[in-house]
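As written, the chains take the letters A, B, C and D, and residue 1 is the first residue of each chain.
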């Protein structure tokens, strides 16, 4: 058995909370959870959610763990003229620089991340926040 | 809302049956389900399963739907000297030519696929079969 | 600070032991160490070692962690007609199926891997073994 | 034995100076050194540094050698409306257009480069400068 600080059970709790929020706002979503190594723990595409968002949700989660930052905040630094403009060309296309990816923390350490894609930036963000909050409560 | 013949609920039923079988044989697995478009519906990595099998499980499912064939059977035709040798170099690395990917059928039509990776070829196959059987029963 | 079971100091110890062995057999090598997530901790190319082996050493280490197996053993199962033939086409070209990648263990758990490339399979393997042994002693 | 103007010993000197500077500013970094062919000589990820910066540090070094320019200066020419806008889409994702990559010179010729990633643009730049300075002194 591997040592993992984000289990499949954790991912399911995150999915349940995120899907509840997605239902509230009436927008089906792709939701992904990665562990501390940035590797996928689990992914779910809600019925009717965009197929182009499979990749985006997984990579928002990867990005949030890769730099220990919410992708929404990375976005601010990755615009033309800003200090990280061009970062979206690194890591073989896995860096997502818009809202929806949020690190998961345990005892102050980032141990994984959740990524959500399927609606507007604001919608993705609120669903990701709901998912991340479920992990904190659970921890 | 998209019309999809493999729902998230279907994927969860497949996961439950596949994980039961994986537990029986004592080997944690990655399990993936794709829809009729070959696009990911959901993926789960059981705790302790190989991280290198995330990609493989997803792509075994893709392959099984892409050619409407069990990857175990595609394997026979993809050996050196056989008619499809070299096919694993197509589709940008998404074609898996070993056991563990099985098409999902509804009324005789392939509507998706399940892919399993995490053990020997024989172990992957038996877990994928358990998952696929749950879909048929459910349908 | 991240929790990591393979530190930079560990990597340097592995490098020292591996380079000593490489010097003994008179073959300069590329040596790479990855952590439990398969992510690179450190890489060194000894003076005169092949540039084509940069990628190979890093990916042998990735492979050994991705499947918790020595790449030498994976090789046996990845030949034409064997159960994993075609696995080298997965994971976006990161799977190396020849000798030189060895998992690093702590308390019976795989927590990373070392990858060596720069000579014959036998040479790569003996240098990787020397590196892995230094980690075990240190642990 | 290859003729290389950036040896592994050079890389270690660069690492030592760069890590000293990184410790001073309290930010763990990824540091990479490439030779005149743009090929990796060595890479180190300091404990706790971002895993997403492995790729970026290596490719900042590649970029600085590929165009014999500091990536910070390339950035100015790669913004929307500027003469090199879009260059980050070339070379299969290996071109980094933000601060942290600096050419290494010997007798006025570029013979390699150092790349640093793990903090703000300003932090990456000061650590890369410390590393590059160690090479000049050493030469």
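To be clear about the criterion, contacts are C-beta pairs under 8 Å (C-beta built on N, C-alpha and C of every residue); 3 or more make two chains touch, one makes a residue touch a chain.
These numbers were taken from a predicted model, which means no experiment stands behind them.
Touching subunit A and subunit D together: C. Centroid to centroid, with C-alpha atoms defining each point, subunit B and subunit D lie 42 Å apart.
Subunit B and subunit C, compared by their mean Cα positions, are separated by 29 Å.
With centres taken as mean Cα positions, subunit D sits 25 Å from subunit C. Computed from the mean C-alpha positions, the centre of subunit A lies at a distance of 30 Å from the centre of subunit C. Of all residues in subunit C, those touching 2 or more other chains are 1-2, 37-39, 92, listed in ascending order. Taken as a graph of touching chains, this assembly has some other topology, since it is neither a line, a ring, a star nor fully connected. Interface residues of subunit D, counted against subunit C in their complex, comprise 1-2, 4, 7-9, 11, 28, 37, 39-48, 51, 54. Against subunit B, the residues of subunit C that register as touching in their complex are 37-38, 62-63, 65-68, 80-81, 83-87, 89-93, 95. Considering their complex, residues 1-3, 5, 35-39, 92, 109-111 of subunit C touch subunit A. Against subunit C, the residues of subunit B that register as touching in their complex are 50-53, 55-56, 59, 75, 78-80, 88-89, 93, 95-99, 120-122.
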